[in-house]
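Two complexes follow with chain A in common, the first pairing it with chain B and the second with chain C.
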Partner chain A sequence: MTTKFLKKENLGKLIDTLIGEGSIFVAPRMGARQVVYAPVSKFEEIVFDYIIPINSFKEFLFPQTETVAAFSIHKEGVDLRGVEIEPKETVIFGSRPCDAASVASLRAVFNWDFKDEFYNRREDKAVVMTVACTKADDSCFCTTVNLTPDSQKGSDILLQETSGGDYAVEAITEKGKGFMDRFNNFFEPLPTAYSPLPTVDIKPIAGVDVQKVKEWLKDTKHYENPLWQELARKCIGCGACTFACPTCHCFDIVDEGSAFEGERIKNWDACQFEFFTLHTSGHNPRDTQYKRWRNRFMCKFNFYPNKFSSRGCVGCGRCIRVCPVRLDITEVMEEISSLR
Partner chain B sequence: MDNIYLPYLATIEDIYEEAPDVRTCRLVFKDPKVRDTFDFKTGQFALYSAFGLGESTFCIASSPTHKGYIQCTFRKSGRVTGGLSDLGIGDTMGFRGPYGNWFPIDKWKGKNILFIAGGIGFPPVRSVIWNCLDRRKDFGDITIVYGAKSVADLVYKNELAQWSRMSDVKLVQAVDPGGETPDWKGKIGFVPTVLEQAAPSPNNAIAVTCGPPIMIKFVLQALNKLGFSDEQVYTTLENKMKCGVGKCGRCNVGDIYICKEGPVYTAAEVKRMYNDF
Partner chain C sequence: MENTLRQKARELLEKGEVKVVIGYGWNKRKTHTTPVFITKPQDVEKLIFNPLCVNNLSLYLTRKFPDIKALGKPAIVAKGCDIKTIAVLISESQLKREDVVILGMSCNGVVYKQELWKGELKPEIMPTKCHNCDVRNPHIADIIIGEKVNFTPPDTPAGMVFDKIRELDKKSNSERWDFWIEHFNRCIKCYACRQVCPLCYCERCIAEKNMPQWIETSAHPRGNLAWNLKRAMDLTGRCTFCGECERACPVNIPLNLVNQKLALVVKDAFGHKAGYDEKVHPPMIVFNMEDTEDFIK
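Moving on, here comes the complex of A and B:
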């Protein structure tokens, strides 16, 4: 598709226009002294010098907490109302290619057979404007899971920074093209001379073979391998990896309110918690931490690819950065890759 | 907006106390359109809500051949089942379903059917029993082996009495040693042992079993000893569920989502799963 040019000052105008129209503009900004994806109200709030925000942007498609129904209980019965959502257009600027690639994974889970319209309506209204990575840190491993720092997957629009701080902009999807056409006064023709910043070179981790990991996991015999207990021994079950992960999608459904009225709410949950799978009888199929950690790893490299034909891991590295005990998922991938 | 998390509302029309803390509720949908069109297949499950407390998952205990209502049987054991137990006749329950797969009873035409259940694992089996009894001519011998901890813990006592009087049903009732009363006429022993003693023939037979995990384990061994192949044996699995529609991520056994590909499996399918029970 066509490539255009977005000057930094026009980005400011684009934000003002979008917010004026009632849209939400999400971009990397400071939050609690860290770079986070969060709504901004003006250009000046955006952080341009960042590697990757601490959170993924899944919360704008699949909120941490979302009311799905409301009810009131009275003598004659129960009044029940399903919640209707009409999300505003949400532009996610400064997404990284790994995060953009995770959208297809969430879409797959929320749409195999039963369709979760809470997710779908939000995703329909989201425009993902990804900026290719010019920097990475030690935790980044997108190339190990067959993505690249300038991958187009999942982005509506892909931007490449130039030395002057402007962007070369490419529409990837029809939605992205429509967005750029709508604001064609801001997206200018590409100048004859501009100097794009080079995309960062991330070397795939030499010892990791994702295909091999997938094949090894497929063998149900390996489920009992003592390796799992060894590898996951230090996991304390805090669940931080799951909340930071762009593809983790597990949730709980709870009722909140008084004895007379309340709401039914979908909340993020984590497979790392003991209560997650605990039966009322007291039986718990995943009663120890290594079993819960094994489930998460299996979900990423077996269930997602085999069941949903999508990636469970995009190599964003957040689970490594946030882990309080430095349990590094790539070390486990490497260990399994080395098995004969 | 299509809302997959929105339950139907149902009125509790009748409550039957089956055993200590175990009750059966007869539910009728409030919306006449739902009442007229609702259908399910035997073995499917649903999420039942006590509004303000949440949802709990159990099978539909009635048979789809009994139209106009559904029944659920549950034990009061947690927050939601506690709330559901506080409801009375005329009160409102939420119902989300039917979900999951079912027992393929159409494929069992002409076969002898053996039902083996333990304790509170009886409700899903009971749904299949009534479904088969309502099409009695389609099947050969029907044998029911049911056991519970004690005489008081037996559920569906009225139906057990009814089935015991049927000439074309063989019913074997049992209670665990120590659970008998002085006038107990059934067997005393654990379900797998009682099953072995009853020695049903595996020829042209299908076995359907549900009960506590430990019982299922030994029932499968007993059935193998009797000559049943794993393809002849069906069971229904249960795991904690929140959504029931393959999204919330907690009922999976390895890559198998109980809520979507289950809850009904053959013993052969169960043996192929990851050991994640």
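Moving on, here comes the complex of A and C:
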């Protein structure tokens, strides 16, 4: 597809137009002293000099807390109501290629047996505008999981920053093309001379062999390897990694309200929590923390890739950045890769 | 200092006085420190101590970690501020003094977050607790490691947290309410604050009691307010201001502010400062026949 040009001033106009039409424009912005994906109301709120937001943008496709049904009880009977959502168009600007790749992972799990309309309707209305990475930090490891800082996977539109602060823009999907055609007054023809900023060079972690990790995990006799306990002993069992993770998708269903009226709510849940697997009998199959940590790792590199064609891990590095005890998933990958 | 630490750790392990040394080590790329659990004398070389050693490792002495307890008697590398938490754990019968060997580290301060480290410990990258620290020379320890530190904390507590408390105290109730609601609204219910807190050791947190559901698990404003207030109240008079909850919070809720404010309230009301004496119980958890109030008798 043809490459177009988006000047910074036209980005501002694009935002104004979209918001005028009632769309939501999500972009990297400051939130409590750090860069986060959040809705912006104007161009000036966007942060352009960033590596990756601390949160993933999954909350705009799969909200942390969402009402899925409501109930009330009267003398005459019980009234049950489903919730039909009609999401607004949501443009996610400044996504990173790793985050964009995670959309396929979420779609796979939310359409595997049951078609989750809450997720699908939101994703259908989302336009992912990814900006290729020109910078990285020491937690980034996309190339180790076979992605690249300018990968197109999952993006509707891929932008490349130029030295003047404008963007060379390419539509990747039909949705992206439709979006660019709709706003063709802002997406201009490519000028004859422009200098794209070089994409950051992220070296794959030398000691990691993802295929080998997968094979090792598949072998059930390694399930009780003492290595797990050793590597995950320091895990404190919070949900920071899973909540920051763009591909983690587990949720819990709770009822809130009074005995006579209330809502059924879908909330993010985390396999790292002790009560995630607690049975009503009192038995907990994952009774210590290392087993919970092992599960998350197995999910990313074994269960998920065996079940779906998309990725369990996109190498964004968020779980490393937010971990209060610096339990680095790549160190565990390295450790397992080095086993004979 | 690190050499002495390693030597002491080796001696303890070799003599069998402890089975595990809970300390700090480097991550693989040597950019961050991370908790390590040394069980073999030959592994003591992994132990380090520097201004990046921010974690309060006393967390690992609690019943939240049965597999660490199963390793046997621990020695713990602890800064003065971490020892304060150990003192509270002892006073609350979570730990017996003789069941842990405290390797108390003389400390010149640590960084607020490891990412701020640029090779030099400047006052502006240190947390408020370090600016007012009166335990740079560990107050309870079996072995003290490092040179004596000469540092006198200021008479009036200094630093961002205290400045902000003074600023908030001047505001009206509704302004303060707005301030806290705005911050709590960001909460994502990851419970990193609870999990990283050595004093949050309940076997079943009230947030997980659902018959009835005392604290709504949803990350909506009501659920977030309930959770954050509940946790603050539980720590009142017990919190030693180690700052781990704020450091762990992925959405930067200023938890040091709420916990320190409550610590000041307790100090004014009861003259109690948590963490200085393992024989003294926090005021909110004791009943005393000499109490002047008669409503409870």
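In the analysis below, the second predicted complex is superposed on the first by the 340 of 340 C-alpha atoms of A that agree within 3 Å, B and C clash if a C-alpha of one lies under 4 Å from a C-alpha of the other, contacts with A are read in each partner's own complex, and residues count from 1 in each chain.
We adopt the following convention: a contact is a pair of C-beta atoms (placed from the backbone, for glycine too) under 8 Å apart; a residue touches a chain by one contact, two chains touch by 3 or more.
Everything quoted here is computed from the prediction, not taken from an experiment.
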Key: chain C versus chain B on the shared chain A, clash or fit after superposition   = fit
Message = Touch test for A:199: chain B only (first), chain C only (second), both, or neither?
response = neither
Query = If you stack the two complexes on chain A, which partner ends up touching A:54: first (chain B), second (chain C), both, or neither?
reply = second
Message = Taking the superposition on A as described, I'd like to know which of chain B and chain C A:252 touches: first, second, both or neither.
response = both
Ask   = Should A:233 be classified as contacting the first partner (chain B), the second (chain C), both, or neither?
value = second
Task = Scan A:138 for contacts with chain B and chain C and give back first, second, both or neither.
result = second
Remark   = Max touched-residue count on chain A (chain B vs chain C) belongs to chain B
Query = Touching A:115 in the superposition: chain B (first), chain C (second), both, neither?
reply = first
Ask   = Closest pair of CA atoms, one in chain B and one in chain C, after superposing: how far apart in Å?
value = 5
Chain C-contacting residues of chain A that also contact chain B = 252, 254
Task = Spell out the part of chain A that touches chain B in their complex, as residue ranges.
result = 68-69, 71, 73, 77-78, 80, 82-85, 109-110, 112-118, 121, 220, 223-224, 249-255, 257-259, 262, 264, 266, 269, 271, 276-281, 283, 285-286, 291, 295, 298-299, 302-303, 306-307
Request  = Would you mind writing out the residues of chain C in touch with chain A in their complex?
outcome  = 27-29, 31-37, 55, 59-60, 64-68, 114, 183, 186, 188-192, 194-196, 208, 210, 213, 216-220, 223, 244, 247-248, 250-253
Task = Spell out the part of chain A that touches chain C in their complex, as residue ranges.
result = 31-34, 54-55, 64-65, 138, 229, 233-234, 236-240, 242-244, 252, 254, 256, 265, 267-268, 270, 273-275, 288-290, 322, 324-328, 331, 334
Remark   = Listed in rising order, chain B residues that touch chain A in their complex are 1-7, 9, 11, 30, 49, 51-56, 77-78, 81, 91-92, 94, 213, 238-240, 242-243, 245-250, 252-255, 257, 260, 272-277
